[in-house]
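Multiple structures follow.
Next come two complexes, and both contain chain A; in the first it sits with chain B, in the second with chain C.
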Partner chain A sequence: MRRKWRELPIAAGMLAPSAVVLGVFVVYPLVRAVQLGHLRCDATGKRCREGGWGQYIDVFRSNEFQHALANTARLALMTVPIGLALGVGLAVLADKQLRGIGFFRTVFASTVATSVAVASLVWFVLLQPEVGVLPDLLHGLIPSLKHPGLLRDPGTALPAVALSSIWASLGFTFIVITAALQGIPRELYESALVDGAGGWMRFTNVTLPMLGPTLLFTSVVLTTRAFQAYGEIALLTGGGPDPERPTQTVPYLIYGQNSLVKNDIGLKSSAAVLLFFVLLVLALVQFRGLDKRVHYAR
Partner chain B sequence: MQGDTSRRARQVGRYALLIFIAALVLFPIYAALMQALKSGPDAIDHPKSLLPINLTLDTMRSAWRIGDLGRLLLNSVFVAIAVTAGVIVTSLLAAYAFAFLEFPGKGPAFVAFLATLLVPAELTIVVNQRTVDSLGWFNSYQGLIVPLLATTFGTFLVRQVFLTIPKDLNEAAALDGVGHLRFLWEVAAPLSRPTLGALGLFTFLGTWNQYLWPSTIITDDNHRTIQIGLERLKTGDIDKLNLVTAGTMIAALPIFVVLISFQRQLVRGLTAGAVKG
Partner chain C sequence: MAQVRLEHITKVFGEGDAAVTAVDDVSIQIDDRDFMILLGPSGCGKSTLLRIVAGLEAPTRGEVFIGEKNVNDVIPKLRDVAMVFQSYALYPHKTVQANIEFPLKARGESKADRSAKAKIAAESLGLGTYLDRKPGQLSGGQRQRVALARAIVRQPAVFCMDEPLSNLDAKLRGETRAELVDLHRRLEATILYVTHDQVEAMTMGTRVAVMDRGQLQQIGTPQQVYAKPETVFVARFIGTPPMNVMPLGLFERSEVLVGVRPEHLRVVSDSGVAATVRMVEQLGHETLVICDASGTRVVVRQDADAVVPPVGEEIHLDAGESHRHRFDPTTERRIEA
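Now for the complex of A and B:
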């Protein structure tokens, strides 16, 4: 009992640096944004009045937010399943004792070294019909793609952004899943082999269930990334092409250079708070829904 | 014999698949490198050629000069190192309090710490932009550094390692008159060096790769980091796109070097959250 109070000053001192930074730059902004989100401002964004909680409902229902949310969800639906499948595929492919496998592992992991700006600019150039080779290649593969300016065509802009994101995340997904594969006890495979399970059976009955927790973690991370997509949008499409703006994600709606709400602190705050809630709900749903099917065996 | 040949064939097939996929993964980087190593006239005459002929560093040099990449890289290095050092210190201190000290309200305090993990930067930046502005930190290194100086992730990670250090060791040290800070510095921190390495690498990479935060508070050339500075090379001029690629390759290089030197810490850090479930 006495120890508890004796150590309080030193504990407080040690916690203070973190507490101050987190307090000022995480907790305060959270609380303040929730308050500011109530504000309804005029066109200049200068004069604001209290709009109450209803403001959140209005913003959530607004065409701009719904449009951005739908775009963001589409981006996640493209990047998460494909990213996971590719990560598992590559990790399983490279999880063999072969000569030179270290080289291939390094190659598959390599995109982890690219930042969002580097990856996006590499793909930006690659996708330009005037200088990039990709439009010609894709046109050769799919002749129906008449207009190969993928980023400038409203139908293909978002898939093109997704392609760049999937590539950029591949290294991360590969590393995490490879590490998990190496943690699966070999005896499980051996006993499956004894039971006469073929390659595909071993994959579906041993590998996938044992990867459960890792796949859950990776899927939450990839979903969160998709819902935080900003840099790739800013560099690849600027939210465009206009007027459909199929790549306008929620973060780009809030922070983009040419965003409508740029100077409106009320709208900006409420959209940001709503984005936070969407992320929270998505993470919860994924943990809830997948947790039941996930096998924790450690 | 039959089994041998089919095993052979399967192995060849596997290698063929590995090589094909490796080529696909590397293709964007290869294409970018070929663009970046092309001379100006070549870029106009054969913009799409990816053959490694007539390679030159001229475009890289122009990108370096026009984009003032030296300055941008220096800014990024400075900010990333400052944040990394700061995060290691704040994490060590907070983790020590949570692992070795007893104080009233410890449980709730730890939960409150963890809860901040949930709050994404995309939410806090709306207000942080105003805070930094009112502190007069727009276009400053403080603005880039101070808000990142503490992370829950770091505190949590280091605390996990501290919990594996026997409490007896700490109590014995206290009996010998060794203060908490000295124990932290001389015993606990050295014992958690691998974790600190992973935390350091991750903080460095995370700070280096930041895009949204710097782009909201930096508008002048003196404080721009490499990530947001590269965009300056991206003009509307299609002929200049090879400059963009060259700048991008220069920007990517330091991180490739860092990652190749710290592969083990990278894997340890990435898997810390994943495998333990």
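Now for the complex of A and C:
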């Protein structure tokens, strides 16, 4: 017992660096956000008064938060399944021993090195009706590409943001799934081949189940990213177009330039804390719900 | 069931300077209901040959026949071949039942048929109580039997087995050898079996094809391969401890290599080769006397109850004419007297 206590200073010293980093950058902001979340501030953001814990419920029930949460969920529903499907598709295509396949792997993975800002600017320029290439090429198919432009049409603004977001995340998904594919023993495919399974059957009976844990992980990461997406919205639509504001997501509501609550630190904090809990519940649901259906090979 | 015929099979991996010839002009005929063992050290091309039969590799040259049909351009699914892998290649996310059913599912059989056939296959290998388990919950021996059940369930014309026992411990390996022989008899199957273990080859095979560096060295019954090795390689590869192949002039004053198996060397008083005893290994059922004859290591096997010369003693070794195997020193092939 005494020996244990003697080691305490050493233990504390060794834990200190991590504890400081964790404390300053995670614990303190979290506690501070929870505190701020029950303040109401005036338009200048300088003077605040106590709003009470009930403010969390008020914010959660508010039309603005509900609207932003619905938009965020829509964004996630567009980006996660499509992003996963494209990532798996490209990774399976590139998982072949072909000459020059390294070039394609590099291309497919390249967006991992592209920041959200760059990706958003690329898509902003591509989709601009005045200068973009896509509107000129495809306006016959999709008239709104030219008038008023995908990002300015309330019906297409969110899908357009999703498009940019999917593209930006594809490199990450591709790399993670490629790595997982290479971990699947070749013999499983060979065995399936000799047993008479065709390409689709090998994909559904070997590839997909063996990717299970990776798909679960990737879907949690992509969902979290979708719920935290801010850069692409700020750069592409600014939460607009008005008045419907179909791209005003929860993160944009929290710190966007054109956000309705842009000066009220209290409301912003309480929205941020609510987002944290929404994400926590989502991740739990994903792990709980899918974990049973995922097989972890030894 | 069917015959398998390999005609002048060559397999080259890579191109140009990096080209490696894994199989070099090998022709083998595996008769219907044969238990043919492809035996050789790692990298001798035996697994490649097996994969060529299963359709997992295409030969660079040569033809593969299953039955009367040339199957060079036939996809694995249509070759009617089942394969058992060294790693068993069981689907870890599927139950034992689903694993065994898989080949039938791939062939579009109805659920009821699949289930019934899988149960029969599982029962015949003693897996009846494990059908709902996943491979991860089974022991190595049980997994191995699941792999076998998956192979037998669709009654293929030919079984290809790639070192299926090498991941088992020694005791289980011995038991499974006997089970495989029994299975072969029950199924009346044509089996092509790859191994580097000569004990498996000797005990299970109806015939053995010994390979080295991509080339077929000898093909025959286990007894033929043991009693009359065609090449120095086969002589040294088969038998534990291996045959003593003496350098020129040591055993006989002739221009041939002479090989004598350890059990056929006799300790004599004066004639024969002079040697010094270096070490004696008592193995219980036998004794190995390791000698040095003018710098060549020679192993003599004696019965456990024989009188063993002490270490350091000068002895003489001899062998009867019928036990001397002679090989050409340049081609290393057997010379028949």
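The working rule: the second predicted complex is superposed on the first by the 273 of 298 C-alpha atoms of A that agree within 3 Å, B and C clash if a C-alpha of one lies under 4 Å from a C-alpha of the other, contacts with A are read in each partner's own complex, and residues count from 1 in each chain.
Just so it is clear, contacts are C-beta pairs under 8 Å (C-beta built on N, C-alpha and C of every residue); 3 or more make two chains touch, one makes a residue touch a chain.
Keep in mind it's a predicted model, so treat the numbers as computed, not measured.
S.K.: With the two structures laid over each other on chain A, which partner does A:V107 touch: chain B (first), chain C (second), both, or neither?
M.R.: First partner only.
S.K.: If you stack the two complexes on chain A, which partner ends up touching A:V26: first (chain B), second (chain C), both, or neither?
M.R.: first
S.K.: Based on the superposed arrangement, let me know which partner A:V281 touches: chain B (first), chain C (second), both, or neither?
M.R.: Neither partner.
S.K.: Have a look at where A:G196 lands relative to chain B and chain C in the superposition and call it first, second, both or neither.
M.R.: second
S.K.: Should A:A85 be classified as contacting the first partner (chain B), the second (chain C), both, or neither?
M.R.: Neither: A:A85 stays clear of chain B and chain C.
S.K.: Comparing chain B against chain C, which has contacts with more of the residues in chain A?
M.R.: Counting residues of chain A touched by each partner, the higher count goes to B.
S.K.: Please work out whether A:I57 is in contact with chain B alone, chain C alone, both, or neither, and reply first, second, both or neither.
M.R.: neither
S.K.: Find the residues of chain A that appear in the contact set with chain B and again in the contact set with chain C.
M.R.: 298
S.K.: Which positions of chain A touch chain B when the two form their complex?
M.R.: 3-5, 7-8, 10-12, 14-15, 17-22, 24-30, 32-33, 36, 90, 93-94, 96, 98, 101, 104, 107-108, 110-118, 121-126, 128, 130-133, 136, 167, 170, 172, 175-176, 179-180, 183, 213-214, 217-218, 224, 228, 230-231, 234-235, 251, 254-255, 265, 268-269, 272-273, 275-276, 279-280, 296, 298
S.K.: Residue numbers of chain B touching chain A in their complex, please.
M.R.: These residues of chain B touch chain A: 11, 14-15, 17-18, 21-22, 25-26, 28-29, 31-32, 35, 43, 47-48, 50, 89-91, 93-94, 96-97, 101-104, 106, 109, 113, 116, 118-128, 130-131, 146-147, 149-150, 152, 155, 180, 208-209, 211-212, 215-216, 226-228, 230-231, 234, 238, 241-242, 244-245, 247-248, 251-252, 255-256, 259, 266-267, 270-271, 273-277.
S.K.: Would you mind writing out the residues of chain C in touch with chain A in their complex?
M.R.: Answer in residue numbers: 54-56, 76-77, 81-83, 85, 87, 89, 91-94, 102-103, 106-107, 134, 136, 150, 154, 160.
S.K.: For a test of understanding, state which residues of chain A touch chain C in their complex under the given definition.
M.R.: Chain A reaches chain C through residues 185, 187-188, 190-198, 201, 205-206, 209-210, 212, 295, 297-298.
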